[in-house]
Amino acid sequence: MLEFSVLILIPLIAAVVCYLIKSIRSQYVISLIVGAFHLLFSFIIFIGLYKPNLPFFFSTDSLSKLFLLILSNVYFWVVLISFSYLKRPVTLKAQEGKKYYFLLLNFYLFANTAAILSNHFGMYWVAAEATTLSVAPLIYYYRNEESLEAMWKYLFLVSVGIAFAFIGILFLTLSANGTIMEGQQLFFSEFVKNAAKLNPVWLKASFIFIFVGLSTKIGIAPMHSGDVDATSNAPSPIAALMSGSLRITALLGVMRIFQILTPTSSYEFAKLILIIGGLLSLIVAFIFMFKVNNYKRLLAYSSVEHLGIITLGIGIGGLAFAGAMFHTIYNSLNKMVLFFTAGNIHSRFKTREVNGVSAVINLMPWTGWLFLLSFFAISAIPPFGIFFSELMIFRGMLFSDKPWILAITMFLLLFIFINMGRTLFQMLYGEKEEKNIQEKESFEIIHFAAIVLLILLIAIGIISPGILQENILSISKDFGIRL
Amino acid sequence: MDTLFYSLLLQLSSIAAGIFFTEKKKSSAASHILLLAGLITGFIAALTALINSDFTLKDIQMFGISNNLFRFDALGLYFLCIIQLVAIPTTIYSYSYLKHYIEKGKSVRSNLVFYAVLLVSTQLVVVANHAIFFLVCWEVMSTSAYLGMNFEKGKKEVQTGSFYYLVMSHVVVFLLYIFFFLLHNQTNSWLFSDFHLLSGTGDLFIVLYALSLIAFGMKAGFMPFHFWLPRAHPIAPTVFSAFLSGIIIKTGIYGILRTFQFLNPAPEWLGWLVLAVGMISAVYGVWYALAQHDIKSLLAYHSVENIGIIGIGIGIGFIGSAYHSIPIQILGFGGALLHTLNHAIFKSLLFVGSGVIYQNLGTRNIEQMGGLVHYGKYFVVLFLIGSIAISGIPPFNGFISEFIIYNGFFTTAKELENYYPLLMLISAVGLAFVGGLAVACFTKINSIMFLGKERKEVKHFKISFYEYLSLGIFALLCIVIGFYPQPFIGVVNKVLIDGFVPAAPSSSLLNINWQLLSIIFITVIAGIILIYLWKKSIQKKYGRRISTAWGCGYEGLNPRMQYTASSYADELNEISKSVLGYHKKVIAQNDIFPAKGSFESHSDDLVDKKILLPVFKSFSEFIARIKFLSYTDIRYYIAFILIIITIYSLIAFLWS
Amino acid sequence: MELTSILQGIISLVLILGLSPLFVGLVNKQKAIFTGRIGASLLQPYYELMKLIKKETINATSSSFISAVTPMINFIAVVIAAAMLPISFAHPLISFEGDIILFAYMLGLARFFQVLAAMDIGSSFEGMGAAREATFAVFAEPIFFFTVGSIAFISGFTSIYDIYHSIRLDNLSFVVFIIVCSISVFILAVTECSRMPVDDPNTHLELTMIHEVMILDNSGIDLFLYQYSSYIKLFIYVILEASFFYPFAVQSYTLGIIIFLVVIFILSAALAAVETITSRFKMKNIPHYLLFATAIGILNLLIYTFTR
Amino acid sequence: MQNILSILFCLSLFYLAVTPRVKAYVAVLRFQGILLTILLMVPFVEQFSVFAVILPATLFIIKVIIIPRYINKIILELDIKRTIEPTIQQFNFLLLVIFSFIVIFLASSILSLTTNIETIPFASGFAAVTVGIFIIIFRKKLIVHVCGFLVLENGIFLFGTAVASDLPIMIEIGVLLDVFVVVFLMGIALNRISSTFEGFDVTILRRLKD
């Protein structure tokens, strides 16, 4: 019960409290404490010091442990920097947005934790939808036309998509017809146990619907658009939150149903679908990297790319699967740094257009160098973690039954790297322009967070803790993958 | 081996010194001292290990802990020695180089940090034994080099040039991934020391060779892949461009040699391929160089040339290995290895020299120089030594390695009868041709930069002690290797016997009559001195005076009447203008009162300007024209869901 | 190597150094005779050299230490090259495996400094000469390798002495090969020593000259060194040419010497004849001329390799 | 009984396909809400339990009372033009709808051979989903999009009853609440849009592009 209260109830209560008290600062303190507790607790659970047994629709397994840790980590850092972010001057209309900021954050934490820990598809669906609802107003933080449009599109697209996911879930119940699962509850642990007996036709159908429906949330092409719009127009902490943890949550749903398909005859089909989805999103990222001239959109596409790589890895299976699991961690860490620093740049230059930005390294050295480093990290340059995970994924591809995928992937990644680099370096370098000559930037908490995260990224990559490896091994065992 | 690791730590500590000293001068001094200390200790350790040939292959004790990350075999140690040997004077120069910027009040912190990282990672690359560890060091090396290049971030060409380099190394590392994956799959071990198990020529064998030659060849800058050198070298700060073309491109050579260790014997056609590629790189590298006016890009093209010469040596070695002939392999690889060392030395010398000139005159265009000999006599002498050495002219080190390669040709012709003499002769002629072009090129830059009258008046031309020191060390090395090559030959021989030639120590390298050579060279010097004395006495007797140059009766010659670099090289460039992309722009009208005319000549790199850029441009235009998925309307978003679901359902339907 | 061979070497070196001006005198004399003049005496070159030594040395204002050291380096390099050449069956002073490379590169060293010294003056005339010298040298070196070098590659010997004495006349195609080789060596000699039709040492129109124009601004001892080394260089090539015919003397010194002298005489006549009947080429045609020589070399080689 | 209700449901969909007025959409939504409520009441004919009333009650409140009112309120406040703005002719739209109906009914009847499902509710639910999507795709007005989304939701609900999944009450209610909040947020967003942009159709949402 303790874990239930800490992980799920307290955030809810905190949300209510944040609604009641008006002062932003105290809201910040409360949410920070909640976040810290959450992080601590999920860490304890992760390293196995504490065996949780959650009541009714909730339970934990190695997968949800991992994702929970990712979530609470991302959440903690986002909350940590949020206050300094809120202090920044915004338009008068945007002032009112601040009132609900922490309320919604806490609600988000509540919903997302529920989604990750839920053992029941219905529960998962409700919680996932709730996360969308909590994020949508946060996207509208700036109260300007772009953010409004982004919110509308995100809300609408994701709601429709998730409705499809619901259909998928219903199909799952259908697939249970005529088996011992008939009329049972949708506890996926049950489904995993006797998946082999399920009706393959409905199983395939439900996989398709759930995958496509949740793709709108994950940002798998061609359903990526709403996600990209939202991530590129949300305030950067929220953008970090979305591409760091929200997409992962949606991915969880897909992986659940995939896990059910694992022992069945439709396994290969599911893999194929995942591979198609991953390649499609890589291609989309590849195409748009040529055209984008808005750096937040660029980052959004980069997270489309990386979720694509993860999906691809899961679809390839084998070593690539483990690589994909590592990739989720590194990606979440890395995306945070990228979005935080991008947020600094935005608040300094007041534009999201690349052409309006130059000489960042000269004007704001801390942000500039961190941004540069995080770019290197995201493009898989050692010693940053993503290098190692991509190495695993590539190896998995090369020795899978479809090695040609590796060729395509490398080609796409290379051009993505070239274009992303061209755009970002154009921002980073260049001479100082007179209008931008201001005081040197001071060392803020954002920089601190970014540095810590980068260090984490390197440390996890190089040390690759045994506990983490065990966890990922057991995940892949759950998915019937022998390493 | 601990000493080596301690030395590396010492070098790393320089980073801390660079960062934490607030006062710029202090910080730079401190970090340079630490670097030097580290390098020198490391060099001594490595050299002793190499000479005493205690090559511990596995279980390196690192601070007492045994690990298999590292491997100190002869090849690795040899390259390690080269790196440290070249790095020492470069670091000395770096100090005075950065002093200029510090005086200008520019922050040099980043430069210090990246230089140290670059040094350490490069040293780790050549002793790494674990493939993943190698890749990590490799990437860190490339990235730090990239970051170091971007010292003057403001300039556009700096950004593009360095970006070329970054992209190149990204491609390289992608290829290396596959290379090592395949090797790992074959030997299921990540250790270099286990890799050379597999042999025999299957398809995989060829694939592996192709991968490694393309990847490492790209790094080394062989001809089709040379495009990045003339982009990256000129824009990098001198210290980095010296290190880049002195050392980093040699890591490519290192990789190729390692590959040969893994997979040997090499098939013969491969030997011919490498030989041909090397020859093309050598000839066109130097020919492109002849067409340049920017001193640094000229030197960059000369790196292509010298890499080509090394490639020729490697090619000979491959052929030898295909025929299991020890002498050929010894001479081929020996020439390649020694030339690697030599080129590292004199190319760094020349780059440092060009850096000194750039610091003083503020331009890299040699057309605007001239008459510098009257300002810095000794500097010119040092630079001249480098130039003679790089043109492979006796009595300096360049000649020694080319001599070995020529001997390789001869031996190949002798060992393998029938049509080989012809082919070898043609290769020899090619090498001679390269030599001729190199002479033309270096007479050009030396005479245009240093001799005659100054074309643009020289404000100040000062050379600090440190610059003289580092140049002096380099020049000394050139001279020593030239006049007394025996010990170096011995070391190279040892490396070959340890790493390349399985059979008993064959000494076709030592057979060459080195004593006689050095005697001859010494006679040359002695003779010059004797004649000098005689000449002095004669001149004392019959007098000597200075007067204006004989202009065929025409008084008032002025500097602008001198031969320029373009006019000097024009005749040669005309011959292969199509390849060089050599084109001239003349503006002059011939009426009675001629107005101000102008002339300029340029050369566009074939691969870069004619292939890469247009292809990329048209490709991106093509992509930009794709409207696929680029809708802004929510209704399309929704429609996509429906469409994709139908597609997936169809797949599902067709599945069973 | 034992004492006698050293003695032989020294003697032949001294011979080369001593006779080289005489050869030039010979050529000039014959030229004069062909053109119906009496001409200067055979020893004229010696007189000129003597005279040059006694002259005052004048250096241009813009010149540097380069033009001071170059004459000496030039001279030494040529002498070293000369020391590798066999006269008859006498063992040359310097002879080791691969000295053919050293030979070529010693001449290269000489050229390098020659060109630098020319550019050192900073006058456009010398520049012109230097540029031409550098350009033509690029094409001259391959010819050397296609002739002497080709024999080296075929015979497997890499020392000039052995190369020449490996020539056997029992094989007809080889004889043909040798003869054609000698032709292209002649062309090489003409080029390297800047005689007609590549260069005209006698006109004093700077625009048309290569070698002469490079040493315009030298006088006295410097000019002496230049001239002398150019004489030696010419003689070196003559010896290269002559050595082709040693095999006719079946291992006998005297016969060898006789052949040597005869060939020298014939060559001087040939040079004189060429210089009287032909006129200088246009500068831009010279590369073609050299390429033609190279082509001969290649063709010759191909014929030989495939008729063996 | 269930089938009759489903047929009615389908008829309402056809009506949606032809009607040009926004108000009609709201009416249809309300009608469908009532249908669904009745559908949930059906089991009570056998045995009645107070606990089971909660779900139909909430459904009735949300889908029949609150949401339609809310939408009407928005329409009044923003005085949106009363006609929907179709992008294709109603006739073609109707054809499309009929076509999809045929496909769906055929498919579901084929599927019902393998597994036991009540074909008619299943098919009509699915048809509702498709029609909802079509409405969103082929209409310009944002408010109509919301209606389309709601039709889609109703379809899913009907569908859910068809596949006889008895989800636990609180999850069902959670679903309903989610839907409600979505609509609520959409309403707020519409208000904002009306205040920031002029007009209410998607053509104004073209700002975000690459």
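Should a chain be cited, it is by its letter among A, B, C and D, assigned in written order, with residues numbered from 1 in that chain.
Note that in this section contacts are C-beta pairs under 8 Å (C-beta built on N, C-alpha and C of every residue); 3 or more make two chains touch, one makes a residue touch a chain.
None of these values were measured; they are calculated from a predicted model.
If you compare B-C with B-D, the chain pair joined by more contacting C-beta pairs is B-C. Comparing per-chain C-alpha centres with the mean over every protein C-alpha atom, the closest match is chain B.
Distance from the subunit B centre to the subunit C centre is 36 Å, each centre being the mean of its Cα atoms. The distance from the centre of subunit A to the centre of subunit C, each centre being the mean of the chain's C-alpha atoms, comes to 79 Å.
In whole angstrom, the spacing between the mean C-alpha positions of subunit B and subunit D is 71. With centres set at the average Cα position, the gap from subunit C to subunit D is 102 Å.
Looking at subunit A, residues 152-153, 156, 160, 288, 291 sit in touch with two or more other chains. Residues of subunit B in contact with two or more other chains: 630, 634, 638, 641. Shown for subunit D are the residues that touch two or more other chains, namely 133, 136, 145, 205, 207-208, 210. Those chain pairs judged to touch are A-B, A-D, B-C, B-D.
Subunit B makes touch with subunit A in their complex at residues 132, 135-136, 139-140, 143, 150, 153-154, 158-159, 163, 166-167, 170-171, 174, 177-178, 181-182, 185, 620, 623-624, 626, 628-631, 634, 636-638, 640-641, 643-645, 648-649, 651-652, 655-656.
Looking at the complex, you find that subunit A touches subunit D at residues 57, 120, 122-123, 125-126, 129-130, 133, 136-137, 140, 144-146, 148-153, 155-156, 159-160, 163, 166-167, 170-171, 173-174, 177-178, 183, 185-186, 199, 201-202, 229, 232-233, 288, 291-294, 297. Interface residues of subunit B facing subunit C in the complex, by the touch rule stated above, are 370-371, 373-374, 377, 380, 388, 391-394, 399, 402-403, 406-407, 409-410, 413-414, 419, 421-422, 424-425, 428-429, 432-433, 435-437, 439-440, 442-444, 446-448, 450-453, 511-513, 516-517, 520, 523-524, 527-528, 531-532, 535, 538-539, 542-552, 557, 559, 561-563, 567-572, 575. Interface of subunit D with subunit A (complex): residues 111, 114-117, 129, 133, 136, 142, 145, 149, 152-153, 156, 159-160, 163-168, 171, 174-175, 178, 181-182, 185-186, 189, 192-193, 196-197, 205, 207-208, 210.
Residues of subunit B that touch subunit D in their complex: 630, 632-635, 638-639, 641-642.
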